[in-house]
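Next up: the structures, one after another.
After this come two complexes, each holding chain A, first together with chain B and then together with chain C.
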Partner chain A sequence: MSSDDNRATSSVDAGLATGIGTDTPDGEPLVRVENLQKYFWENDSLLDRLLGDEPVAVQAVDGVSFEIREGETLGLVGESGCGKSTTGETLLRLQEPTDGRVEFAGTNVYEMEGSDLTAFRREAQVVFQDPFSSLDPRMTIGDIVQQPLDIHDVGADEERRERVRDLLERVGLSVDQLDRYPHEFSGGQRQRIGIARALALEPEFLVLDEPTSALDVSVQAQVLNLLEDLQAEFDLTYLLISHDLSVIRHICDRVAVMYLGEIVEIGPVEELFEDPKHPYTKALLESVPRATTDERERDRETLAGDVPSPRDPPSGCRFRTRCPMVIPPEDLDIDQDTYRELMTVRERIESRDISLETVGDDDQFTVEDGSVPEADIPAFVAALKRRLFDEPLPPHHDEIVETALTELAASNWEDAAAILRTEYESVCERDHPGLGNNTHSVACHLYGTAADFEGAVDPNSWRG
Partner chain B sequence: MTDTDDILRVNDLSTRFFTEQGQVNAVDELELRIERGEVFGIVGESGSGKSVTARSVIDLIDAPGEIIDGEIWFDDAELAETVREDAPDAVDGSFVDLLSVSPAVRQSLRGTSFSMIFQDPESSFNPSLTVGEQLAEAVEVQRRASANPRSTKAKTDSAEYSFGNLLLSTVLPSQQFVTEESRERAIELLELVGIPDPVERADEYPHEYSGGMLQRAMIAQALAGEPDVLIADEPTTALDVTIQAQILDLLDDLQTETGMTILLITHNLGVVARMCDRVGVMYAGEIVERGTLEDVFDDHVHPYTEGLLGSIPELGGANGQLEPIGGNVPSLLDHEMEDRCHFADRCPMAMEDCLDHPPEFDAAGSEAHTVRCVLATQSYTEREALPPNYFGDTERPAGDKHAEPAHSDGEQPAERTRTTISDSGGESR
Partner chain C sequence: MIPDRLESNLRQGFRESLLPKLGLVLLASILIMAIFAPVLATHNPTRTGYLDENGNSYPPLGTSYTTEIGQDGEFVEVEVESTSDHLLGTNDIGQDVFSRLVYGARTSMLVGLLGTGLAVLIGVPFGLVSGYYGGRVDDVMMRIADTMLAFPSLVLALALIGVFGSAGFGIPDPLTRFGLIDGMPESTTLPGTVTVVVALVTWVWFARVARGEAMSVRNEEYVTAARSMGASNWTILFKHVLPNSLTPVIVLATIQVAAVILLESSLSFLGFSGTTLSWGYDISRGQGYQRTSWWISMVPGLGIVFAVIAVNLLGDWLRDALDPNIEGEGGGA
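After this line comes the complex of A and B, so read on.
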């Protein structure tokens, strides 16, 4: 990469050198993320090691790959804790990755050193979520916006001040507010200051980490419009991180949906919103309440349960513990809802999340040393079954469940789980579904080889 | 409107905060009618006074805030009988004016008649007690209150709740003020709100719960006294969309099951559309437009309502450039508020008549539809329009047409409500 390659400069920054060459060969993406991994380690202090505690990995981002082409906006959407912010920070090298590779304009970001790294820092900027804590309360906004210019030693003093004034006007603040402090501004105005600061060095690429989630809707709309205008004016490339699907839909060209550290679906925004493939994407879209009068009548299926812990993510497909379309074994004749219920019960047995002491009415069964007296076992099994299942099971499955629950009566958790596992093991837990490499890709067995199985559900049968 | 169904009538409610910067008119002469069994939504931006309204109704306004004027009539025949002797003025038929009865009576209604769920479940629970204990405590208080309805305060002041007793309870189980029945009821409540394995979950601490489960637990706690009116202050704002959908469904089910009335405070118009029968849009301490869901969403008159709805990016399709409202939520400081339509300075259709404070006009649509805007009675004409820079220097930097108006005369930009209201409003207890 040539470091003296000056980009065509606008009137504003005439004479301000931008260092990095951002010319990308035709068709090459500006940012390429390959198999990015970021684990945070718990119990990893010296004391923990002396005490012999095993470090635990929080798998915040686990094997994420995507590309961002020049001038486009890629949205990264998901629920809290899915790793979307960590992805943004890691690809900017604000966090060191555990594994994987990020290329910016063809150069590996994690191998950059010295002037290359400084140049990258200039070209890739970030706007943070919280406009109240991301501005230094002891600096005037003029100083805040000028700081990047000072650090990177761009231009002479007068030029810098001129540039700050231009920037503030550009984001819609007036120049006579230069000497004010952040606390004198409202949330929307502060977010504008954050955007001005990010633009100070004329970056190519901006990571917008929930830029509007701290703002009221009317102010959010102002900021979204501003971001769109700026992108058109300065040919910016955005990575927009948000949990708000309507914001994503409004401003992005392509979207990646994240769940528990992985991308489950990626595609053009239109296509993904009109024709979502992954059951999680569908559920996510279903869950958003629409601001129309039809909303009360709209039937929608809600996802049960919570996101599992990223310390110990489920095997295979990570969404399988909540997925309403989890795929039954191919030779099994079973109703989808019943299968979902069975899988949920199985997970509870595997995680020993059932209290045996409280089965039945008031102390009906005495559990001694973990087991119920021989004579009580049938009654115990019946009571436990009533508690775990809302509806009676079909006879064949009823038998299997009873055998498993009988094992529980003696607290044989492993055996109970094993019985159910042999009968009901799903492809979703065995194999990790890969994300294809198409324009619209989805990591779900319903669309891979599994979709050819006879027992598989029609992916379009569930749209709530 | 048929008034026989009203459970709550709020007249002329004014809540002020007396701060160092001056008097903040958080809620200003607010009128509210809520029917029994309905879900009434109050929607507005931060600092519009929606939380303060809710807290005023349940009497949770702390210094420096004060309800300085108004009446809150609550329909409860039994209560009316009890109060009639002591305060005949406070009773009208089966209605009781909560602001003219003694604080003790008001307090006794909390939990049994009114209950509240807060925005942030994580900070609303005591981290050092198990969820089961905290629920059982709520049940216990309600049980004792219903045993002797009008003297909860006397009960909680008694020896059973003394500090010495608290210390004793750590060693002697017999001294614990949570009885076995309360514990069982707590478990029932957890089951009612859909927490799996409630028996085990009751013994866990709040940090072991996920956000959605804690919100369920808080709803359970609010239901402990089987309240007539549940006030939900941004109940899903801290939650993810899939969990939000679960919690909204839960509230919906519980409402159908128990027939309770819900006053829902939110900034999310989608949540309003999902849950509410009637809506009030709040702006600068007033309800500027109210009516049925259809009135407000489809037949709205007020430009602020229009602006709010126009600000939301649509999920169903790209709606081009958003049409945001310019400017910021106005200052609620008394000396900065003029006696005019408070929205006029941001309003794209401000006219000369807007310089007088508008009353509530009836508007087209259902009977309940009223709007605090002159556009209900006349249409917008260029001739009467206010000049663009009427409200000070609103000249915007040329580069950005979405800019907020600059504040030229050294006046502080709209900031104040954050510092004043957030101490008392919001979620903490």
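After this line comes the complex of A and C, so read on.
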């Protein structure tokens, strides 16, 4: 990351400003997350220290800021491994944050102690994804649902039992199943038990961590409807974590899209689904099968490449290694698809992800110590170019690529990468795009900085 | 609570194989021997002098042997016949071998069960804490455990006995105390040091197993759920981690009883037990008479063999029934 300057930092009145122009209930933020960071450390055991191995940071969540207003449902969406679940657990202080702060009803969650913390543990609850792992197999469901009441010493024994019965009935289970064990229930029923447990202390705020993704499709809708009903009935505020866009759309008021530990776009759900701005959001939406086949169907493209490792995320915009709209340097006369191809080739050279041995037809070239004999180089370069690029490059760029590939043939990976880097360096790798503080914010250079995003370049113009 | 599936697995294992049945019968017999020793024993096991007129020990019922007696430098061959009074014969100083077998079961079972129990009490909390907290705590605790493991258990046991001496405690025997049975020892000696020492040299195994379980249980979502409700670490350890870690501990404990019985016998054999009513001790008694009076060490030796086999058969049966891979249910059950 070359620049942190554009990182969003919430100001005091941000909550008021963002409340305008949405169809969500206007309220004070109940939860305010500021620049939350969570790194996991690898190679950090005693042995590693003795051996002098440097600990490696896995940047699971890296500088995430958002707010959740009272009574709303904020969705957190992204592919698995993007850090959304870690965000949920860290903001509940189930993991210690590396940096940043989370306020719950105005109090910093990480500084809570004693009765403040106890109160927070009552007010904020979580429903997990896996209804098999989230219920202790050795406890009856009566005990499971009663556990939060026991921990917080709420009411007398009989009152607790009564409350458990009410809760089970409310989530649609029969009271005479009180003494059964979790394995006697179906996935959907178990998830209802988990929900009943989460509601036992009458919390204000629920983190729903993929609450339906382990369930059959037919059951998913029932559980989602139950969650919606409960929200209305008990004035709950939800943070819904999911990779499933249809779930998000069904239940959320606002949605934040995460990619590789960062929020890349946040906005009201309808707006974001109808008019996605960030290239990643667009790609996500396009990868979902649509009921309607409109013209977008034509240029649906699946994202190229793998998600980079959170141990060593790309500089600048983290999506740049896969972004179809990655911004070329000014005055570069080249179409967008070709530029994308060039950038991909460059990244593969940088990560040494090209096998020289398999270039050409069977054993056409001998590769020794990683390099090709002098005489073979022109033919080798031509063969490699054919493999890497679908279509011939414009003459000027063809030359540059050939010099780079010639270096590669001589096993000079660094030089090959350097040539391409000087010629094709993108603003997307130099600067980290900030998210900004608008109702609908995007972290992407196509939209300028947050302040002037309304008048930004039309992102579709970058399409080839 | 016994989960239904566990119960059916146990039943199935019992039905389909002869081995669990055999193990159960063997162990039941040994336990009955241990508990009702005063009733079953035909003679007071410590009473000496059950020898024939020539001072020879009796062989087991139905056998005989010849012995040589040097009298006034003369060489006489004497045929010794068994007597129905002493079913398994008598030993070199004329103690009834059957009665000693019966009482030896007591010592073995006492040390086996108490020693293992003590090892569980030390090892399981140690392992659970280590595995649950992880990180530096775990690093330090497991280093300690590994250091213990680096010593062969017999060597460690001998060293500890060297330090603490070998003390025995008399446990009053209710059957004789209340006059229900006459002529039997009033109390049984529990080799206290040995019991503690076998626990001290075997607890590490329980610590390791418990640690492994705790490490997987702590990542279960129900533990995270408990934390999100505000449960303290001790509550979580006690209510979730302990119950969900017990299964493999139980299997290990069963098998470990056999190891402890063996260890106790070895210590007694070497004369460090603190009691003389022990299979291991009797084996060492018979050492010098292997050629002629083979039963003196053979009988207690078979006692050990059967006890170990019984415990292992049951351990296998339990393990098969509890195997989480077969069970396929969350929580390691």
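Going forward, the second predicted complex is superposed on the first by the 410 of 464 C-alpha atoms of A that agree within 3 Å, B and C clash if a C-alpha of one lies under 4 Å from a C-alpha of the other, contacts with A are read in each partner's own complex, and residues count from 1 in each chain.
Note that in this section a contact is a pair of C-beta atoms (placed from the backbone, for glycine too) under 8 Å apart; a residue touches a chain by one contact, two chains touch by 3 or more.
Values in this document were obtained by computation on a predicted structure and should not be read as measured data.
Undergrad: Will chain C clash with chain B on chain A after the two structures are superposed, or do they fit?
TA: In the arrangement built by aligning on chain A, the partners chain C and chain B fit side by side.
Undergrad: State whether chain B or chain C is in contact with more residues of chain A in the superposed arrangement.
TA: Comparing chain B with chain C, the partner touching more chain A residues is B.
Undergrad: After superposition on the shared chain, which partner residues are touched by A:79: those of chain B (first), chain C (second), both, or neither?
TA: First partner only.
Undergrad: For A:243, select first, second, both or neither according to whether it touches chain B, chain C, the two together, or no partner.
TA: first
Undergrad: So in the superposed three-chain picture, is A:135 touching just chain B, just chain C, both, or none of them (first/second/both/neither)?
TA: Once the two structures are laid over each other on A, A:135 reaches chain C alone.
Undergrad: For A:176, decide between first (touching chain B), second (touching chain C), both and neither.
TA: first
Undergrad: Per the contact definition in the header, classify A:220: touching chain B only (first), chain C only (second), both, or neither.
TA: A:220 sits against chain B, while chain C stays out of touch.
Undergrad: State whether A:185 touches chain B only (first), chain C only (second), both chains, or neither.
TA: A:185 contacts chain B only, not chain C.
Undergrad: Contacts for A:94 in the overlay, against chain B (first) and chain C (second): which applies, first, second, both or neither?
TA: second
Undergrad: Can you give the closest approach of chain B to chain C, taken over C-alpha atoms and in whole Å, for the superposition?
TA: It is 9 Å, taken between the nearest C-alpha atoms.
Undergrad: Across the two complexes, what residues of chain A are contacted by chain B and by chain C?
TA: The answer is residues 183 of chain A.
Undergrad: Per the contact definition, I'd like the list of chain A residues that touch chain C in the complex.
TA: Where chain A meets chain C, its residues are 45-46, 89, 92, 94, 117-118, 121-122, 124-126, 128-130, 132-139, 147-148, 151-152, 181, 183, 194, 197, 201.
Undergrad: Quick one: in the complex, what on chain A touches chain B?
TA: By the definition above, chain A touches chain B via 79-80, 169-174, 176-177, 183-186, 188-189, 216-222, 224-226, 228-229, 243, 245-247, 249-251, 270, 273, 283-293, 295-296, 300, 302-304, 306-307, 348, 353-355, 357-358.
Undergrad: Which residues of chain C touch chain A in their complex?
TA: By the definition above, chain C touches chain A via 1, 3, 5, 136, 139, 220-222, 224-231, 235, 239-240, 243-244, 329-331, 333.
Undergrad: Could you list, by residue number, the parts of chain B that touch chain A in their complex?
TA: Against chain A, the touching part of chain B is residues 45-46, 196-197, 199-200, 210, 212-213, 240-246, 248-249, 267-275, 293-294, 297-298, 307-316, 318-319, 321-326, 328-329, 396-400, 402-404, 406, 408, 412-415.
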